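Just passing along the structure, written as structure tokens.
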Amino acid sequence: MAERAAWRVTAYRIIFGHDTPAGRGFDVALIVAILVSVVVVVVESVPAVRSRYGAALMTIEWGFTILFTIEYALRLACVRYPGRYATSFFGVIDLASILPTYLGLIFPATHYLLVIRILRVLRVFRILKLVEYVGEADVLMVAIRESRRKILVFIATVLTIAVILGAVVYVIESGTPGFQSIPSSIYWTIVTITTVGYGDIAPQTPLGQGMASVIMLLGYALVAVPTGIVTVELSRVRGSPGGGATCRACGATGHDPDARFCKRCGGQVAVAAVGAASPPIP
Amino acid sequence: MAERAAWRVTAYRIIFGHDTPAGRGFDVALIVAILVSVVVVVVESVPAVRSRYGAALMTIEWGFTILFTIEYALRLACVRYPGRYATSFFGVIDLASILPTYLGLIFPATHYLLVIRILRVLRVFRILKLVEYVGEADVLMVAIRESRRKILVFIATVLTIAVILGAVVYVIESGTPGFQSIPSSIYWTIVTITTVGYGDIAPQTPLGQGMASVIMLLGYALVAVPTGIVTVELSRVRGSPGGGATCRACGATGHDPDARFCKRCGGQVAVAAVGAASPPIP
Amino acid sequence: MAERAAWRVTAYRIIFGHDTPAGRGFDVALIVAILVSVVVVVVESVPAVRSRYGAALMTIEWGFTILFTIEYALRLACVRYPGRYATSFFGVIDLASILPTYLGLIFPATHYLLVIRILRVLRVFRILKLVEYVGEADVLMVAIRESRRKILVFIATVLTIAVILGAVVYVIESGTPGFQSIPSSIYWTIVTITTVGYGDIAPQTPLGQGMASVIMLLGYALVAVPTGIVTVELSRVRGSPGGGATCRACGATGHDPDARFCKRCGGQVAVAAVGAASPPIP
Amino acid sequence: MAERAAWRVTAYRIIFGHDTPAGRGFDVALIVAILVSVVVVVVESVPAVRSRYGAALMTIEWGFTILFTIEYALRLACVRYPGRYATSFFGVIDLASILPTYLGLIFPATHYLLVIRILRVLRVFRILKLVEYVGEADVLMVAIRESRRKILVFIATVLTIAVILGAVVYVIESGTPGFQSIPSSIYWTIVTITTVGYGDIAPQTPLGQGMASVIMLLGYALVAVPTGIVTVELSRVRGSPGGGATCRACGATGHDPDARFCKRCGGQVAVAAVGAASPPIP
């Protein structure tokens, strides 16, 4: 039993750890395998490639799926709380990365092909694991997480505006192709307000073009709002731990760069060099 | 009379209040009703749906209109100053949400159909009520309100540039379809300067394409201005004396919203309510 | 002579001043006249309108031109240094606003019509006067002026990138229509890097589409640079005179909001209330 | 030997230096020559121009190539460490600016024409030298260099999202032209998420249009991230200890670049050279 624990600890260090040479080697091998398997799926979707190398690519895909299945089983086996891992963000993604191929096996009927494909495609989620490996992403993550609620309010506001203006444009451009229903007009409004502007649907009447101009200027000015939100949050996250200092009395962090006393307990804070957060360029 | 006052107070608490379980239940039911009624209007505009379920959707729409009419009457009845409510922002929107359906009833003539539709569509404004329910929107509101005048100056400047450049492009691209008048050319300039770029109108001559390149680069750089404005205002609102506090000992301001002690002298800071800067919506 | 001076002073107060009721009335009348005359030029360019109301609009245009000519003469007459006014920014614009109509008179030949039009169109510059009336524009002006050199470096960099990538795309997409020369390809690169994306020219080969993806992502990320520049400058301009303070010893301004001593002479600075720069919302 | 050293020092001063009148004259002449040679390459690519002036432009191009070759040889001869120069950023660009024309000579076969052109086009990189001459670019360079890693994480995230959403859209819009493979769909997703929106590929099904709306809103909100990153870094570089100074008395940092006295204690601050943060380009 103790032996098995040792085996599990070793497996855990290799699969979950990033400190040992074996762990780092495993990580790199996994990234390469993930990238190659994604490329295989993407390339196989090209009609010309599928007709020639379809069988070979299918075999490679199966190879990767079996490898990732073994990896998933090992992760479940060596982790302390398998249930907690299985329901964690990456546990779900790990499972979602291998399921589509197996589901493609259960429904072999030709007319289910499309359904099988939609499930297979989800395997691409596996690439999301890459985020785990980049440390610099943390600051961005924190800033985005802090901005989350404001961004949601903003997107809800934009959607509300899109629904109202889409309905107005539907009435104005009633005869023009592409504005034959409110959903189509809302789609066009979103295309316009986000400044994407496909041009597959475009207003023809002077009133519609005037309306479109207003929506464009609105979208052009509104993009300032999410930018402002993220900038302010990023500025707070960035200037918190490095530019500021740690309280000597209570250990609180996140002080302003010019703080001399702790904002929590009033004790003196250790002065840290400004810019310490960013390591010198090698 | 006292009994009626009690009835009014209860109705007021349920309809306007968000604190009691009944008030919160009413709010949720209202949001659901608003969303469903908007979906009904949007879906009914799709030709294929209207030809099949037009009558049923019309009935549902009438049901919602009657419900919202009763609600509007109750709001007028239970509020202390009905006139002030009726002329407030949400009072006008509440009325504008029910009027279009009734107006569709008064003018039943076929050739007025289009006019009726344009009024009906305005009912979508009802969705604007949703903003009331999200607290996080306050900070954005304050920042946008503070930026309002600068944003207006900016949009006026962009429009001025669009008029001048539109006229210049009209002369340069005189023969190209889509540039047959200055209004069309101004429309194209706005499409270009806001980086929307439909492509339904595009310059053909080398001079026109050069001009277009200048307008694009202008629009690409100009978007920085509203973003800068909102970011600076948002930064002020976020770290302002409203969210933060003033030190009781040395009078220093600019503390973090979560600061309890002054970062300069270590004295206690006056705690201000977060969001106190934004007045409650009446 | 003294009488004439009095006449000139009165005219100066009305035309250049904004303090007296007469001055303010003149300003409003001028804005209305400018806007109407611009609308006349714009509307007259629409073929359907010109064929019906061309003569009437031409007469109105001449009326405005004569009025603005008298105004220009009065400005020259009542100002202390006419030469300085004539060579100032608004002096040049005032002249450029009336010249095109007269130039249209000197060359009446039919085949010069196009040239006449290009000159007439320049009259639209008159609308630029509007900027003069909005006080809030100053902060934006200062921030943009401060950012000017960095923005120019940025636009030069974008143009350099556009030239190089345009040449590369020209070689990759050699056969595709729209990429038949390097100037066309540079135009397309600018359309893409500024995220305008007309779609009149679009890459067809996989390599070209990959190249386009790189250019798009570049443009998507690069827009951050002018925004960052303007935001930082705006933040400095905004927080300088109001949030900071004036030195009691040397009168220097532009101190940081938390400055206690003058950065020029080391003397104490007067503490000003944060937010004093923005007047309370009425 | 001493005479040759003197000759080398003089050549070095003229070619690499910017302080003497001769050095400045050489710089200006070089910029003009670079710009003219780029214009020649660009203009020669226009079919109508090539058929008429092809031979003359070819001769001019050869003249510039020989001049730049002599310049490159002189740079190698007069610099102290020729190897270090040859492998430096601008050394490689200097070589890449002259090689394409010579390579066009070695392979004269008609069917290699395309290959020759692709190499010639690289000569445009020569224009990159222009960056060297603008001092204001330094601050931007430092801010971008500091943001580099975060921007890379951001672009990797956008690409990951583009791969996943591209695969999902491929399944949804399976029959629509332009979505016939996952690479095409990824290309379309990048076109949409960067808000470029060519419109050459556009979703037709309601589900695909809904998906497109989500991608657009995502791209519209995501652009905030690189902007936030660059703004924060630019704000740090602008007000950093490099541009500003440290107080000799109390050690406070974060002074304005033009500060002479400490804003905290009034003591003198150590004057640091502006731009010292960015190392001189070798």
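Descriptive notes on the structure:
To keep things simple, chains are lettered A, B, C and D as they appear, and every chain counts its residues starting from 1.
Here, a residue touches a chain if its C-beta (ideal position, glycine included) is under 8 Å from a C-beta of that chain, and two chains touch if they have at least 3 such contacts.
Remember, predicted model here, so these are calculated numbers, not experimental data.
Because subunit C and subunit D carry the same sequence, their contact can be compared by residue number, and under half of the numbers here are used by both. When the contact pairs of A-D are set against those of B-D, C-D or A-C, over half line up by residue number only for C-D. Once the centre of each chain is set as its mean CA position, subunit A and subunit C turn out to be 40 Å apart. Subunit B and subunit C have centres, each the mean of its CA atoms, that are 28 Å apart.
Counting partner chains per residue, subunit B shows two or more touched chains at residues 154, 183, 186, 195-199, 219, 223, 227-229, 231, 235, 254.
Against subunit B, the residues of subunit A that register as touching in their complex are 149-150, 152-154, 156-157, 160, 163-164, 167-168, 170-171, 174, 180-183, 186, 192, 195-199, 202, 206, 209-210, 212-213, 216-217, 219-221, 223-225, 227-229, 231-232, 235-236, 254-256, 258-268.
Those residues of subunit D lying in contact with subunit B across their complex are 195-199, 227, 231. Here subunit A touches subunit D in the complex through residues 38, 41-43, 45-47, 114, 117-118, 121-122, 124-125, 127-128, 130-131, 134, 136-137, 139-140, 143-144, 147, 151, 154-155, 158-159, 183-184, 186-187, 190-191, 193-200, 219, 223, 226-231, 233-235, 238, 257-258, 271, 274-275, 278, 281, going by the rule given at the top.
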